[in-house]
Each structure stands twice: as structure tokens, then as C-alpha cells.
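Across the two complexes that follow, chain A remains constant while its partner is chain B and subsequently chain C.
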Partner chain A sequence: MSDSTEPVRTGQDFERTLDRSEAKVAEFETNRHSPLDRVQHILHDNPTLVPVIVLAISLIAFGLIAGGKFFSAFNLSLILQQVSIIGILAAAQSMIIITAGIDLSVAAIMVLMSVIMGNLAVYMGVPSGIAILVGFAGGAAAGMFNGLLITKVKLPPFITTLGTWSIFYALLLWLSGAQSIRGTDIDEHAPFLKFFGNTIDLAGARITFGSLLMVIVFVVLWYMLNKTPWGRHVYAIGDDKEAAELSGIRTDRVLISVYMLAGFVCAVAAWASIGRVGSISPQSFYEGNLQSITAVVIGGISLFGGRGSIMGALFGALIVGVFQSGLRMAGVDVLWQVFAIGWLIIIAVAIDQWIRRVSA
Partner chain B sequence: MIDQTPIVQGRNIVKRYGHVTAIDHSDFELRHGEILAVIGDNGAGKSSIVKAICGAVTPDEGEILIEGQPVNFTSPIEAREMGIEIVYQTLALSPALSIADNMFMGREIRKDGWRGKYFHMLDRKKMETFARDKLTELGLMTVQSINQPVETLSGGQRQGVAVARAAAFATKFIIMDEPTAALGVKESRRVLELIQDVKARGIPIILISHNMPHVFEVADRIHIHRLGKRLCTVDPKDYTMSDAVAFMTGAKDPPERDAA
Partner chain C sequence: MKKLITTSAFATIAMVGSAYAETTACLITKTDTNPFFVKMKEGATAAAEEAGIELSAFAGKYDGDVETQVAAVESCIAAGAKGILITPTDSRALVPVITQARDAGALVIALDTQFEPADAADATFATDNFKAGELIGQWAAATLGDQAANAKIALLDLNASEVSVDYQRDQGFLTGFGIDVKDPKDIGDEDDPRIVGNDVTDGSPDGGRTAMENLLQVDPDINVVYTINEPAAAGAYEALKAAGKEEGVLIVSVDGGCPGVKDVEAGIIGATSMQFPLLMASKGIEAIKNFAETGAKPENTEGLDFYNTGVELITDQPVDGIPSLSSADGLGKCWG
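Let's look at the complex of A and B:
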């Protein structure tokens, strides 16, 4: 029943010459080209290297400009203390940015939760521990609200959190009556809220519990992102959500968990902020959202998702702190600090773009 | 082969989207140890029928039996849990993650003991060794780093990783969607060899392809899909490519009774 032509079971005629050509597919080339290419590759493989180098250079530079007092244990621990709250927010922000999202509401969640903790513990006589736990739960709930809007209602993260930023801010103004809770009232009714303001004096350095908390938060989240299956899924979603979905990852579930965890971390920052500031002010940290994004970006975490290490955000926050402290000590006007941070952001993003163009 | 139950059997499958009938009372059959090519003109519904088999589409009517057991998948994850793997045309790899991470995406191995149980710690070493073994088995690993990000690989290498991932975890069969569509001549050839290797390991393959020479080269049987249903199944040894194209486009009537 078939035609007279012979059955076609071999490679096409035009492919016959291929037998003599190389047929290796998965060969891993080692030869790299110019030194600049090599640098690009190294940075591509180790995205945290850039902020580490920048941090080292800026420490040395400001040490030279501002003299020995910059390098004093006291000043260095002061920098750590000054960046601790923004640092913790940046840790939360990092997770979200790794999923290719963004959260403009982190600082609003934090201040809202500090107001809730303060209202409960100082004015309503609720034990501090319970007030703090309510704040933690509230932070997770606020994050979950963001996550549900993003995954179930399918709104872009930027718009969602722009909206919830305003919503949370309005709520915290309402709950606080736009009034601060004074430090003396906290000391009298709920001193435990200020726990993270405690310090350890160590060889001239004054390390606050809040600074230690920041480091712990980063280490725990780094572990979760790098050493657990959940962390791999978070990176995969930020890298290519479609592919992650096809690989069998329930992306919505993972995304909601990321926003919830970020909200929880913001609530942890809320507790730490009470110790740091000494009072609870609804007006505080209004720029915290953007400052956390600044730290993340300077830390080499790609705004396009899937790339960068959360530790980068810690270094990013420290770089900002070092710049501010160094420029202040060198007697430079505050406006030039702001100017310098602006350039840091632009340069960091430009470097990220360059690294992403790495040739195969 | 004759007395064996087919690994997949679809009977009278129907899927409608509003007024459009994507699958119109179609049958489907995949036998043990074979490469079954699925061909059809654009819009014939060949991807719909394959999606029905892997759970991406839930049929409105008809039944699907896997090794004689009726199944009712509601998502590809369920099919995957049964040992059905899919190599997507887009490959579904995360470019910034390593080869090992990609191979285990969604089914990572945790460390034994408390670190894995309570802290969900990944067993990187075990995963890397396994990934390396699988790639080596398929002749894909000449050297070097299993931790290399996938984005640094060539198109053929990526296809290789996706096929190796499917081969490593498939216990029933593998569906491959246009595995050579994005590749050059040389890389296509290597992937075709890879498909034969996987078959030789006893895993049947459903191959969706537009490329007639490739289909005729590797397929044991060819399922020709036309107007939402199986038109016929032919043995590539009995027909030419122009016959297949003629059946597929309706230029020629299909053979009376399936030869294969």
C-alpha cells in the first residue's frame, strides 16, 4: 500500500555531512575572553561582591577623610545602630524584590504595628508580650492582604502596595490620633516594648539589641532563601514565574507566604523601632519605604527579580549608613549626603544592568 | 506487545470551549516502549489532546486510562506525581538558577535527620550528585559545574537539561513538545539521539512535532490529528512524508484500517 520510495528512517541527506562534525551538546566552555568579561562573569556569579567592595572602599575613604574617630568602635557601632531599623525593613523588602515584586508599604506596616503595640500595652493595659504578638500577627495579616491582592486579584505589586501604603498610613493616623506615645509613658507602663533599645558595651563599642536583631533577621532569612526548598521557589518565581509554575510550583501560595513573612518582619522591626526611637510616633519613618528599597538596590539585588543575595541588602544599608556618617563627620552639608545616595542608587542599577548582559 | 495494555488510552475525549470544540470524540493510544509522534495541522487540536492527557486540560467527556486505570487529572502536578513528565517547548527552566536547582525544582531533596525535618535544609550534595549522574547517563555532561546557571548554556544544552530532568523523574512516560523547534541542525541531531536514548531506557515518549523528517526518523508510530480527532495512526515505514502531510491536510483519505 505504500509508495515505491524507500522508507525514510535515516537522517536527511543534507545532514549526512554532519557525521563528521562535532556532535557534543552539553559541553561546558571554560575559556573566557577579556579581563573585563571575566570581571563581569565573576560579578554575575557573586552579585554580593559589588556592595562588599563598595562598602570596603567607602570605609577606607571616609577613614582617610574624617580621620581616626570615624574608625572608632563607638562610631562604627553607632552606624550599625542607625541603620538597624531600615536594615530590617530592607530584609523584608529583599525577599519581595527577589520575587520581582516591590513593597511600598513596608514602613507603613511597621509604624502601624508599633502604634498597635503601643496602644494595647500603654493605654489598654494589655501585657507587653501579648501586645507584641498581636502586632506580629497584624504584620503578617497586612502582608497577606498585599499578597492576596497581588496573586488572587492579580494587581501589579507596585500599584497594590502604593494603595496599601496610603491605607495603612491612614489607619495608623486614626489609631494614634496623630499623637505620639511618649517615652516616659512607655517606660512607666510597658518597658518591655523598649527591649531592643538595650545595649551591650564592648571595648568602647555600644551595640544595641536592635543592631543584633538586624543581623539575626538577615541570617535567618538568608538561610531560608538559600538553604531550603522554599527559598529556591522564591528565586525561581522571580526569575521566570511561568517556568516555575510549569515546574510544579504553586506560585500563588509561595508569593502569599513571601508577603506574609515580609509583613511579619516589618512587625519585628516595629518592636525594634520602639527601642530605637524611644517613643512611638505616627510621623516617624515616613521615608522608610523608599530607604529600604535604596538599601536593596545598592545591595545588588536586581529589581527584575531572581538575582542577588539578601546579604547584599545588609551591605546596602551599611553603605548608606557609612556615607551619612562619613559625610557628616567630614562636615559636609546634609544635602550632599542625599546627593551622594542618589548617585549610589543610579550606579548600582547601572552595574546590575551591565552584569545581567553577561554573555553566555 | 499485542497483549499488553497500552500505557495511555484515551477514549472518546471531548473538550469544548464555548462554541469551539477543541477535541471532538478523539481516541488516543500510547504503547509501552514506543515513540509516538503526534502530528497535525495548526489548529487541529494536537496540543489540546496532549494537554488532556497530562492534566493541563480537563476533558468534558470521555475517559483516560493510564495502564488500564481510569484517571481524572485536574492539574499537571497530579500527572507529574504519577510519573508523567513534560518537556515544554519553552523548557520551563529558571535561567538564573543552576542546573542542579532546575532539575530538582519543586521536588528538592532535604537533608536526613533534624536539619531536614525541622529546618527544611536542602541536601545540596545529594542533589548535585544525582543531577550529575543523570546528565552523564544521557551523555550530556562532558565536564564541569553542575552549579552553572542555566542561562549560560546554549539552546541545545538547555534542551538537554530539560530532557534529562524529565528522564530522571518519569516512571510512566514523557511528553515532548516541539523539542527541536528552536534548535540548529547539529543540536537537533543531538536531541534526536537523546530521545532515542531515553526510549532505549524503556520510557515511552509522546513527541509533538512539526518537523516531518524528525518525526519519520524517530517515531515508531504516528498519530495524525485532524479537525479535533485522531484521523489515523500510521507506521512511518509504510508511508512517506508526503502521505502523512496529505492525510493531515485532508488532501488524501486516510488508510481504511490502522496498519499500526
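Let's look at the complex of A and C:
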């Protein structure tokens, strides 16, 4: 100020620039710089939103491509019916993936239990109800076996269930003698096994009990995962197992219970599958393991655990069903259906990775 | 001269001797789940025991499991097997490893599925799958009579890779029905308006059901259903039943497994072409024994590039001009 040539108004110099300075006292830093960031945040808070949007878009798109037939109540209920078994398996798979695990044996448990139910009820004259209960117990036991190997023997879930997949598969071949149980034999000796094949006709839609069962399974598991302490523990373990343990969660117990419950759900799927397929075949659902994982991943559940809603897996299964039905109706060759599902998986995981970066 | 005779006689004795002592053979099937291959294995094991051949059995984990089959062939070469019976899960992919086995001195016989080219193996014992398809096609056309001109046909095939069994049966059926198949190695290139569509089943009942549901969505008035095998047919029937359309639809299939023949008896399947896996297996073992003893290789059926183990049409509604067996007779011959 001493070398100023106009000393007259020096006193007011700093005041003159005052209005250009920061007027706020303090504020929180915000990430909401662009609309894209805002979208990222919304998706982070609502992980099921992506699959819901994809499902809506694909329904509309296939409605336009494949015409009115696709959009009929009957076809939509048919899609629901076609995805019901993989959907139930995906519900079991979701729980496990939320704990940051994976279960490659879900379909093998399911087919094994359907063979056990069928052998008991059709060939050995055991009342159907008891045969089904034995199957349920078997499913839970198979799941517990997975859980014990993972927690007590401390094997990685991937390796454990890769092994038990083969074990359960070999057992089912042995028990079935690689033979199907015919639909007419089931009708004759144990029609109750086909209970979930019953249908309700409603305004052109044909809803099987199996489709309803799938929805019920998802709702019940959603409640358990989101509204009970057990469910919060499951998410906590998936997010950070050590932190969960330090905060007093008995992680081994919870993990074993998750695998047991998943095994039980697979056995429920086994009963439903008999109604759906009409017969019991050891050759059924060989790709069910991977299809269930596909549904979970497309449903926006993070393979890294702790994030995603089980409802996402329901939408994931439906998206796959809508794609298959839509592409088929549009007369697209099977290999392009496979191609499309592959891209869906990659895009779903890419979106998940992008959403996970939200806090950065 | 005399010495030469003695030597070769001696060699022959040595060969025969070793043949009896330690002729080993391998059976490599596509899977252990399909009752067709399970039965084939039983047949081969029984025949081998009788012939005094030590048989090792291998199988892929699923249809198309090339790696497991390649590893199995390699094990057989390493074990010095005299003969290999194989149902190639991929007609082309296994040709190199099979060539290695032949170079190592083994007799390689393809069972059920041919290699491409067929002469990659020393011989093939198989069902004439085209003929099997043709029989059920002719039967369906004859049963429909005049209505064949207005038929609405669903084709339930195996899978996306269109292996030889798949296209031979599919195209055989269409030929038998009287439809121009265009390229006989390509499924789905036909443009006959009577064809509603093709879908794949993986040869399983759940696949058969889903495929049938899909095609019924394309056209609910389908009245002829071709299926790759009987489990797929059972699934297709469930879909028709669920849609209330099981009456008046002809389902035809190929295989001749006992559950399938029972489905013919129950009226679920109209007609099925029975094949004979036990015969393939026992013929195969016989050929290996013969090769080990004399060095002679089996020959093909005249006019074909394989040895035809035969096919029989099983139906309870016989039509004139197509020889067939009833389901009751079929039950005596079925496998699985």
C-alpha cells in the first residue's frame, strides 16, 4: 500500500472486493456435481432399481419387436412359470452371495432331492408328504455339509461347492440309476409330488402354484434378510467378516445357517420342479447352478458380498426369461439367445462396479 | 522259407497268447446320465467279461464335454489299449486324439455317433439316425393321411451345436414326412409353411417342456411334434397337457428306451424309432477281440459309411407299408 499512486481511498480497497469473496460460513462437500453422479447415488441407495429398469425396458422392447402375442397375459404368465425353478434356486444363491460366498451345488442338491422324493414316494410306497419332508431334511443336511466345510474346515466356498457339486451329482446318478421316473408313474403313485404344477386361470393368465411359490419364497427371504437381526448379521458378514466377528456376531453359526437354509430352499425347488417338469429326470437342470448365478448377478447383487437386495435376483431371473421368450418369438436362433445373456451378465457386473465407486 | 513260416507262426502264437492274457479295451461314452449310454456300458461290460477282455469305462460329465473324452483317450493310449470304443461327444474335435490312438496301434470304433470324416475311426457301429427319423416322419404323414398337407409341425431338437445325430434325425423326419430339407446338414433352413418352428431341448424333459411351450406360443394349433428323444417327448407332452391340447397331437420320437416304449403304450408318444445300444456295444467288443486275435478290422454295411445296427419302428397304430412292432413287443427289446 505504500507504493500506491492513489492513496486517497486506500482504506476501502479490501472492502471493495469483499462482495467477490465466499459468503458461506461452512458447508459439507457434496458429490452431486453432475446428473450422472446423482444417478449413481440413487442406484447406490436402491440396488434393485437397475434390474427393474432393465426388465421394464426389455418388456417394452420385446413387446414392440415380437408383437402383441408377447404382451399377452398368457405369455407373461408363461415366462413367470418358466423361470420359477431357476428363480427359487436364485433365491437360495442370493443369500449365499450376500455373505460373499458362492454355491455351485444348488442345482445338484435340487435334482438329488427330487430323485430322493421320487424314489421314496413312487417306488417305495412312502406317503408323498413324508417323502417330501425327507427331501427337505436332506436339502438342509446337504447345505449344512457345505456350511461346515466352509466354516470349520475353512475351505473357500467356491472350492467347497465345486467339490460337493460333483459329490451330489454322483449320488443322484447312483440313486436314480440314470433313469427318469415317468410322469404317469408319479400320477399313479404320488400325485401330490406334482402339487406345484396345479394352475389358476385368471383373466387369460395361467399361473402355476410353482410361480406363486417362487414369489412367496422371495418375499419370505426378503423379510428375513431385511427385517430380522439374523438378516442384518448376514449382510454384516458379507460386508466385512472380521468386523462382524469383532462386533460380536457368531459368524460361523450364521454362515452355517445360511447354507442350511439355502439347501432347504433347493429342496423346496426340487418339489416345485417335479410339478413343473412332470417327471423326475437326472438329466434335468444340469446348468441350473450357473443359471442361478446369472440371475443373481443380473439382479444387481454384488459378488463381493454385503450389497444388493434378494428381490434383485427375482428380477434377474425374469429378465433372462423375458429375453429368452422375446428372442424366441422374434425367431432368433438359439445361439444368439446365449450371446445376449452373456452380454447381460457383463453389463450387469460393470454397472455394479461403477456403482460401488460412488463414495470415491 | 521254412524258417519264415516258423517265425510267423511263432509270432502269431505269441500274439494270440498275449491277446488272451492282456487284451485291454476302453469304452468312452458321452455321459453317465443318459440311460442310452448307461445301457451301452452294461452291454460292453458283459460282452468283455465273456470275451476275456479287460474293459475300462470312461464318460464325459455332460453332452459336449470334449476335454474329459480327450483325457480318457490319452489314458487309454498310455495303458496300451488294444481297442477303443467311443461315442464322440464332438464329431470333429476328437479326430486328432483318435488318430494318435490309431497310430499307437489301437482299433478305434465309433459307437452311435460318427466322426467327421467317418473314416477317422476304423469303423462305426451306429443307428442309421437318418433312417430312424425317416421312419417316424413316414409314419406321421401316413397317419395324418390327407391332413398331412395342412399339418403344423414343431421340431424339438437337441442343442445349438447341431451335432450329427441331431441333424440326421431332424432332417430324416422331415424327409420322411415329405418336406424339402434343403441342406441335409442344416437344421432350420427349411421354408415349408407347415413348419411352425424349431427349438432346443438338451434332450431332457424340462427342456422339452419349455421348448414346446415356446412353440405353442408361436402357433397354438401345432398337431405334429418331432422330438430328438423320448425324455424331450415326455416334456413336450406335459406342455401340451398344461395347455389342454394333448388330444389330437402326434408326438414322434427316437430312442426306444423302456420309459419311452411305455409312453407309446400309454398313447403319449405316437411312434418311436428304437435303436440298439446293447448290440453296438457287444459288436464293438467282438470286433476288438477279433482284431486282437487276427488283426482283421470290421467292415461297414454295404452302401453306408458305417455298420448299421438297425432300427425298429415302435407304435400301437401301425400303418400300411411301414413295418413296425407293437409297444408290447417293444418292451421285450427296449433298453434302459
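By our rule, the second predicted complex is superposed on the first by the 328 of 360 C-alpha atoms of A that agree within 3 Å, B and C clash if a C-alpha of one lies under 4 Å from a C-alpha of the other, contacts with A are read in each partner's own complex, and residues count from 1 in each chain.
Note that a contact is a pair of C-beta atoms (placed from the backbone, for glycine too) under 8 Å apart; a residue touches a chain by one contact, two chains touch by 3 or more.
From a predicted model like this one, the values you see are computed outputs, not experimental measurements.
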Contacts for A:Gly248 in the overlay, against chain B (first) and chain C (second): which applies, first, second, both or neither?
first
When the two structures are overlaid on chain A, which partner does A:Ser273 contact: first (chain B), second (chain C), both, or neither?
second
Between chain B (first) and chain C (second), which does A:Arg38 come into contact with in this model arrangement: first, second, both, or neither?
neither
Between chain B and chain C, whom does A:Lys152 touch in the aligned arrangement: first, second, both, or neither?
neither
Once the structures are superposed on A, label A:Arg182 by its partner contacts, choosing first (chain B), second (chain C), both or neither.
second
Chain A residues where the chain B and chain C footprints coincide none
Note: in the complex, chain A contacts chain B through residues 1-3, 5, 7-12, 15, 18, 21-28, 30, 45, 223, 227-230, 232-233, 235-236, 239-240, 242-244, 246-250, 306-307, 358, 360
Show me the residue ranges of chain B that touch chain A in the complex, using the header's touch definition.
76-77, 80, 86, 88, 90-97, 101-102, 104-108, 110, 119-122, 135, 140-145, 148-149, 151-154, 156-157, 159-161, 185-187, 189-191, 193-194, 213, 216-217, 236-241, 243, 255, 259
Which residues of chain C touch chain A in their complex?
32-35, 38, 62, 159-160, 188, 197, 199-200, 202-206, 209-210, 213-214, 217-218, 231, 234-235, 237-238, 241-242, 259, 262-263, 266, 268, 336
Touching residues (chain side chain A, partner chain C) in the complex:
69, 74-75, 78, 81-82, 85, 173, 177-180, 182-184, 197, 199, 206, 273, 276-279, 281-286, 325, 328-329, 331, 333-335, 338
